[in-house]
């Protein structure tokens, strides 16, 4: 007889292998058949879904008013790109297996870049999470926003990473052989599944409790400090990973890619989707990434229409697309009578 | 003076009032009693325009007022002392009272003489005239809240839980004051947890349960009613 | 010694103002103690000091033979002091059951990693918590409302859920801040029965703040009276109701005329 | 020492400008608890009003040709300032009425019509040139008609509206308005930078110690100071000022005092926007800076930081925060770390908030338990 726990892990392992294989072939098919313009949009969507869902961990689920997510995204992108462009050649001599160009070499470099980028972003998340212990609401928001700006300006002043010009010619580790879709959507699946697991666990409930009422959560024995900082760390780690993938797919990064507007766009995705709703964040990220592209035929009027839809959306559906509801496979559905989903903030 | 007919109020999907009707006559003290969530505060807030009813009519001195914004309702003679007092904590006692006379602030002499009247009614407030309202004790804040509502020169005064959270001996004097105010010609609609005390000073009472009026009687009869005694007077 | 809680000369100042000064109170195991006093006398501040929301400016608090001043609220909650709030503070957008589960999370054996990756041990521990929470709801007659959003519960049920949630932390000491506020006499009557029952069932020590004299006098064994942040009297209900200081500061002369003193 | 003082003077001038914008943020925050993100763009509009007034609308004379026209130009400059204040105040009221009020009171027919109208504008602008009066009239006419047609649609979208008091919602709406003003500005004013040529005689005053002050700097400082003092008077001693304070403590209680809160909030936006407009126009006129539709973004953000630094909702705090930030920035700009001048604002902010979480003059609100 196989023990219950053993069987659990076997099923888990097979599921993961299945998903990996499925994704691998799916991404091959997509890459071979998709026009490169739509291909790029698809990758953009994946990256922004990751950003939105990871910000949702901080903003929607834990209720910390953070609007500087592009800062972490930038940290990941720059650290990851620094590895492949600046640091990796120094190790090449002593570790020849790092040679890029082969599928294996690319993968190993990408993994190293991801690890470094994620670690750096997580560390940044830790540092930014600390003020959240003392600051609330709008004050925290402006500090996170400010942090994002500080990161951008610091990067702007570091000559090694190109200053205002940015870095270009980053090796396209992910685009060979259609691996971009694979990597990006692997990340999407990871952040979505982790969010969902968390939301379904009792520990996840304590995160929601921090959002609902910090003082009451504290009185129930929830270490609110730890929850908030953890949310920041995990959320920014994912943003960092998204940054690494961005750098290695688009092969060029500059400080403007990570400016305040990007932060604001990510925040908008979370609110538009319905604060706290993972499905909502996914949908809003897809919508807001593809909408400007779809409106491209409007030329100059594109951004005006975009901003107008934003306003009208907020005025007509302030709880976001999904409120706090989730849709999707059955287990994903939290049977909670929803109300105005917005009480997350404040 | 005030007639409410078939008033229905929703908060989102939740129904707070289910077609209730009640009236208040000139010179009366009318009280609403009932459990928390029965709809007492909602009724008061609908009258003063803080909540928009979904349907029904509120008629004050012959005019429908359910569509009027809150500040217009104050102008036509309905004042309210809200639940939880809600004085402007960082302003002085005098400034709070002045704000009660906001609509006629330019008539300085008249306003000061009204403030003096409040000080005769509440001598405690006189002592604290220049103190910021946040530093007052609960009872003093309640007096200020009532005083502030009286400064709007209401013909109908709405009082939402005036005795909430006050020491027992202060509760006595608050009810005494309500009676005094009424004797000076102000009609009072009173919402109270303390049904016992409220019914003792009221002429008539309404008993609310889950958004409905279940009993409407003279206060005397309500005090004698067995169900009321059991459910709300604790006997 | 069977002291559960003792404060030694604690003082709390906000700016220059002392909200609580030189406060000495104690609770023995299993006692049911009331705390009364006018609004603004500092009763809730005392609760906040005992639960670590504020740190005392001076003095010591010991709880279960441990000095707890300086400890964080969640640490004190984990040692075994749970509370309810005067202005109900439920997690409004969570269901009734989820509210109780949050309080039960301390019993989870699995860490964050386990929750993120949904390991087997986490699933078992979560279902244990689920089971305990459902039992707690049963004890408080809330089972029928398990899946209702807490913010949508009727007022009386919200107050009960606050108590259920506090109980789910498995406390030794339960602090109730105006548990009967906004209830009608009938509900108050039921609440009194319930408080007595949970004290027995969970072998609790209870400290409660309440304005309803009938309730306080009815169930408390001992009462502290606070005025201007100081204890002006303490004793059993009949002593308190006759104490001239208490009558002057709080109850008023004609107190006994209006509110029946006899226990229900 | 000389450089130090020179930097200080520049810093105070810059700071007074930040303070002027910060006041709008802080007042709106005070009454509504809303970060009015579009405020920096109102400043931009003020600069454009200044630009159009100086170069197109008003008969300014070229002082390099007619030096005697200085007084005439000064009068015109005053009119420009008034225009900027009035137009921006109107813009502020418009924003409040149609973007923020529906968040509080729900979407009414008029709001739906207005937004329908606004949606129609960019679409019609493609086909109708608004240069001629006829074009303008038909442009607006089409807008009104399309707005009327769109109204039921927008109302339908809003039919299941749930009013929330979420700050995130309000923030996103404000961001939407900000984007609308910026991109609308690009359509209307063009994306290319403009600047105002020399219209007033510029004088350099030499003070003892080798320090010099530009007349433009002095003017900005003087006007800002005057406006701030007037504001203080309005808030403390006038009827709407008292109402503003009441609303900022408790909006519902204020309604029960007979205060028409919507009107007072509208008034607050008008004042705040007017101040920002004045700032924009002055900067455009006196510093000859290049103005673009995105030109309000950075100063707006810094002014907001200044407001938070001083304590959001606190009027003297906004002035203090603004000046402090201006001075800090001037010193960084005058040092070898000049490329970090945009970062100093945030570093200062983070530092201050860590020690005083509600800002320098903000009341440290202990949440009631």
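Chains: A, B, C and D, in written order; residue numbering restarts at 1 for each.
We take it that contacts are C-beta pairs under 8 Å (C-beta built on N, C-alpha and C of every residue); 3 or more make two chains touch, one makes a residue touch a chain.
Everything numeric in this text was worked out from a predicted model, so none of it was measured.
Looking at A-D and B-D, the interface holding more C-beta pairs in contact is that of A-D.
Averaging C-alpha coordinates per chain and comparing to chain D, the farthest chain turns out to be C. Note: centroid distance chain C to chain D, computed from Cα atoms, is 49 Å. Inter-chain spacing, taken between the CA centroids of chain A and chain B, is 52 Å. Centroid to centroid, with C-alpha atoms defining each point, chain A and chain D lie 33 Å apart. Averaged C-alpha coordinates put the centre of chain B at 42 Å from the centre of chain D.
For chain C, the set of residues touching two or more other chains reads 53, 85, 152.
Listed for chain A are residues 215, 339-341, 343, each touching two or more other chains. Residue positions of chain B touching 2 or more other chains: 12. For chain D in complex with chain A, the touching residues are 29, 33, 35, 99, 102-103, 107, 111, 115, 118-119, 122-123, 125-126, 154, 157-158, 161-169, 171-173, 175-180, 182-184, 186-187, 297, 301, 304-305, 308, 312, 339-340, 342-343, 345-347, 349-350, 353-354, 357-359, 367, 369.
By the touch criterion given at the top, residues 51, 53, 72-74, 77-78, 82-83, 85, 89-95, 98, 101-106, 108, 110, 112, 114-118, 120-122, 125-126, 129-130, 147-149, 151-152, 165-166, 168-169 of chain C touch chain A in their complex. Here chain A touches chain C in the complex through residues 4-5, 8-9, 194, 197-198, 200-206, 208-209, 212-213, 215-225, 230, 234, 324, 335-339, 341, 343, going by the rule given at the top. Against chain C, in their complex, chain B makes its touches with residues 14, 34-37, 137-139, 165-172, 193, 195-197, 230-235.
Interface residues of chain D, counted against chain B in their complex, comprise 162, 239, 242-243, 245-246, 249-250, 252-262, 363.
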